Amino acid sequence: MVKVGIIGGSGYTGGELLRLLVNHPQVQIKSVTSRTHKGKPVWELFPNLRSFTELTFDDVEPDSLAEQCDIVFTAVPHGVTFGIAPVIRHAGKRLIDLGADYRFRDLDNYETWYKVKHEDPDGALEAVYGLPELLRDRIAGANLVANPGCYPTSAILGAAPLLSNGIVDLQGITIDSKSGVSGSGRNLRLSSLFSECSSNFNPYGAPGHRHTPEIEQAFSAIAGEEVRVTFAPHLLPVVRGILTTMYFLATCDITQKELDELYTEYYRNEYFVRVCISDLPEIKAVQGSNFCDIAVRLDERTQRIMVVSAIDNLVKGASGQAIQNMNIMFGIEETTSLRCVPIFP
Amino acid sequence: MVKVGIIGGSGYTGGELLRLLVNHPQVQIKSVTSRTHKGKPVWELFPNLRSFTELTFDDVEPDSLAEQCDIVFTAVPHGVTFGIAPVIRHAGKRLIDLGADYRFRDLDNYETWYKVKHEDPDGALEAVYGLPELLRDRIAGANLVANPGCYPTSAILGAAPLLSNGIVDLQGITIDSKSGVSGSGRNLRLSSLFSECSSNFNPYGAPGHRHTPEIEQAFSAIAGEEVRVTFAPHLLPVVRGILTTMYFLATCDITQKELDELYTEYYRNEYFVRVCISDLPEIKAVQGSNFCDIAVRLDERTQRIMVVSAIDNLVKGASGQAIQNMNIMFGIEETTSLRCVPIFP
Amino acid sequence: MVKVGIIGGSGYTGGELLRLLVNHPQVQIKSVTSRTHKGKPVWELFPNLRSFTELTFDDVEPDSLAEQCDIVFTAVPHGVTFGIAPVIRHAGKRLIDLGADYRFRDLDNYETWYKVKHEDPDGALEAVYGLPELLRDRIAGANLVANPGCYPTSAILGAAPLLSNGIVDLQGITIDSKSGVSGSGRNLRLSSLFSECSSNFNPYGAPGHRHTPEIEQAFSAIAGEEVRVTFAPHLLPVVRGILTTMYFLATCDITQKELDELYTEYYRNEYFVRVCISDLPEIKAVQGSNFCDIAVRLDERTQRIMVVSAIDNLVKGASGQAIQNMNIMFGIEETTSLRCVPIFP
Amino acid sequence: MVKVGIIGGSGYTGGELLRLLVNHPQVQIKSVTSRTHKGKPVWELFPNLRSFTELTFDDVEPDSLAEQCDIVFTAVPHGVTFGIAPVIRHAGKRLIDLGADYRFRDLDNYETWYKVKHEDPDGALEAVYGLPELLRDRIAGANLVANPGCYPTSAILGAAPLLSNGIVDLQGITIDSKSGVSGSGRNLRLSSLFSECSSNFNPYGAPGHRHTPEIEQAFSAIAGEEVRVTFAPHLLPVVRGILTTMYFLATCDITQKELDELYTEYYRNEYFVRVCISDLPEIKAVQGSNFCDIAVRLDERTQRIMVVSAIDNLVKGASGQAIQNMNIMFGIEETTSLRCVPIFP
């Protein structure tokens, strides 16, 4: 049994880790921390978990957690993990950070966009970017995994087959993303209120959203060349789900059939990527699951290639991917506890 | 392996049976019928099932289905099962009907409310009402199970502890229910359109909804005495979920603590019933699951007892309960394939 | 021109006052206060008002407001108006309070349910309960109007014809109300977040919600006799709208036709009450408007009478009714600026 | 008084014409047709109109309508207006078509994309494209106005200042649009059901949606040069609203400030266009109104210009714009009956 600790367990990604872990046959949850809710039963904050766990939130220090656990998940605001990761690693335990602190190779990039100093350059050097479909082998041996952002996950999985095959112009890639409100977390802010979001839709933080450099870092790595993108996130009046629509200019003659084959082949062995040939992805088709549904479409009139990808931001975009990473790190079958069918309708 | 057939598999309850059965470790789905969609892959109508099944809809006759299967689920309009159930039973196979055709002891009652002739009185005599928490033993030996209606399930589970203990007035019970739109099925009707339902809420078919006599039959059986209720269903702008609020007049002095104990004790051994002591049920806490969350509250000022129960209408209110019944009928552990944690948020 | 001031203008009822007043032909808005947002343009908090007004939030004291204005609206938490109303009245100006502070005849009742001391007994004595359909004449001469609560408005308008005609049992009245989330205001609270409310539905504060004594006070006044009710509010996943379903026991033989006539006759001259004979109210049919749609239905099997009423909680349940009161108080045609057609779909 | 007839009045655009016309001080509605609902009171299909009109749907022929009316609105499927427009014009009356039949200069274009023969080339020649902000003068003298599509309205108003100033690359314009479900009309189709749309989001008909050539025709006319665009519509889980995000490549050095001034200046005299400088458009800020909110943003890192525009698809995207056109055609103040404040929240 893998012994697990969760730091920052009262938010939506924390709750989603719990939802997916309470039934995981090879996991034992040792501790879930929340400073604010210390002492409360976990199910008071997550009523879906009633009868599944008797855990209460506690407020132990990282070193004590490191003693109890084989792996720690951190679901905390950026900057906070710098005070945790070194402790866990020095105790010889593993860590998966669901935040942005360890996602960047170039620490200047991190500091510019996140406006805090990076306090753990050693950790950054060692950390592996936790996108299993691209970096499975490195994740298997990692002690510190930086779980990808939700928008980047949808963009990277959607673009990888094009970028790695050199068939699109690397300038002028446009990424129009739409995310459900749970992506903003469980914090109290005006823009997350039901009365503000419901029946509404709007772009935000565009251009200039913090996920831009994370996307560019991955796109550049795949393409083997510096890539700049225009990225615009929008807020959908749904709880879960990200749908990303990307627009590329084809640099060679290619047919719809060839594109379909390219994607099908690229993801042939990936359980969690489903390529849509005859229809287009929709977020409800992946709701509650770790799947990423992808379609690629050629606009013959303009030689543009449109790629659409859909994920559940709390699962493949956060906690599900984290568990996928954990499974890989501990040699557990990769899909364990992640095979549930999406909820439809 | 239990071999399963589904008749009428393209609607929401059919899709929900599929969602819960494709991962059931002791089930093999042999056939899913749909006259309209014959030949189409099942995942075209249920995009969540993409990569889970290669089944296509077919249009076989009941006798052929009876040959292939150990059990048949019927998810068809009322009146239709009369042409199916006798065939299945004569072939020595079992059937769970998700419709209303076999729910009534008193066939006049059925004919009055459903306005069709009952064409299988023998079947009606043999059929068992499939509410496991009340009739588990009889279900275990049944060949024909009438799966309860969604509203009745929520009302009966909520009221049973009070009715069976003789502590409420049996006249003047008021049942105010609210259901998600998926309860109206996948048929094309104006009142199910997004633009009509969204941001809306309204009662419908009240008084006089067809689930009234089903509720009264069960309430009367539990109370041991004729019960009449006022029942008003309402349409919620959510996809899944029923929340039922019931109002009773207490006929004896009782405290909140005693009520809580009564409910806790009554459902002590029931995996799928969760009694809420410190909080009130909400439909999101049972979303996608087979749970029924229940709270009982005393209004000391008026000696009224309020009971609130919440289910997912497609799971405990339909397909989940059907699978629970199937598990019982075949001696499979009752919660098999139904232990998933509700989706929250 | 009536000169108007609004205290507490940054919440939803404040915004709704502004929406309805900026186009009011006989009104000039002099000042809108908000301590938090002082100096900000009003349209920054209410983007619908962009181009309609150049007002900014200010933070003037009540006495200064009294100087500038003929009437002041207070949209503030309960207890706060005690520091404002006396100032306005002593300056000889009028006030409409959208809160609960002046709604009660019996101050003990107020103090018991709201858990604060009533600091303005003289004001309470003078205040008129601002439900125009019942108290139009008294409102016309009032200097201090207590605008009714949203739930009470829907319940009282729905019940008045029955209560005033002595045809229902005054014991055991059950009121099951469902409100949109905007009824909880624009405050930051977990239970108002989109991710918590969307796809959800639940009762709250029941039994024992603060609107209970307000409903009982009005019911008793109309019936001429002490009335106790069971009242259970629920939270709907919609922004606007309250639908209230009430259950009464008929104490005499009465037909559906007589009930329809009773309601039609009772509200014959009321522009804002629409009696539904052939269909049932729905909240979308009154969305954005000052209407209250009402239906009465006899359940012949049980001699129960079901009444359904629907309002927009921010309009007839708050700001629209406040403007209706203002119109009456200043001799302006009562429907001025309130004749807009509800938004459908 | 302008005498008005509406052909095809039972759909959402028909209902929206009625909502906006029943209170229009210079209009008298003479007739609303619906073959299906002939004889029914209009409010039965539009419960918001209860007490506003005693009209019933009728089924008169176009010639009879032409006799009674000064102007006829057609809200019918494409191809149908060819049987109506000639009759109305020959009778010397005016017509505004809310469909696509008269929107195209190049009839081949129409026939290719809409797959029907254009049966009224004379009408097409005479018709004026009814986008008042661009073609006000020509609309004033028109007898036949082709009301623009909803997506094109949002795209054209958003792009016009850039296109007419020659500061963007005309190749590679990307238009990512998101529309509420009411845009699909009131027809019964699976993809419009609440249970399919709610909590969902997906692209559809892309690339290759029929509004593409309409957008290209207008963009080309404004730019004075052939323009091709990539256009991808998506379905939002909201009833009303279109938000369009467009991506352009700047062909000259330009600053954010200059872009803001360009837009502000371009729309200085337009009541219905509101330029957002410090914030971004959102659909709720225009809900129920004829406004188009627009923001332009420079992405300095990539020299891309992002334009965001928001309209209510049933108002500025259909019926409101039609009434705006009617006002212009009859010399009525252009904003008459269209000055209502958007509903927020």
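Before moving on, here are some points about what is shown:
First chain written, first letter: the chains are A, B, C and D, and each begins at residue 1.
Heads up, the rule we're going with is that contacts are C-beta pairs under 8 Å (C-beta built on N, C-alpha and C of every residue); 3 or more make two chains touch, one makes a residue touch a chain.
Computed from a predicted model, the values in this text were never measured in an experiment.
When chain centres are set by their Cα atoms, the one at the greatest distance from chain B is D. Interface comparison, A-B versus A-C: the higher number of contacting C-beta pairs is recorded for A-B.
Rounded to whole angstrom units, the spacing between the C-alpha centres of chain A and chain D is 39.
As a whole-number value, the distance joining the C-alpha centres of chain A and chain C reads 45 Å. Computed centre separation for the pair chain A/chain B is 36 angstrom, with centres defined by C-alpha atoms. Of all residues in chain B, those touching 2 or more other chains are 12, 182, 195-196, 198-199, 237-240, 282, 284, 287, 345, listed in ascending order.
Interface of chain A with chain D (complex): residues 172, 174, 176, 178, 195-196, 198-204, 206-208, 228-230, 232, 234, 236-241, 243, 245, 247, 249, 280-284, 287, 297-299, 301-302, 304, 306, 308, 310, 345. On chain B, the positions that touch chain D within their shared complex are 12, 180-182, 186, 188-190, 192-199, 237-239. Interface residues of chain C facing chain D in the complex, by the touch rule stated above, are 12, 15, 19-20, 22-23, 44, 46-52, 182, 198-199, 239-240, 271, 274, 276, 278-279, 282, 284-289, 291, 293, 339-345.
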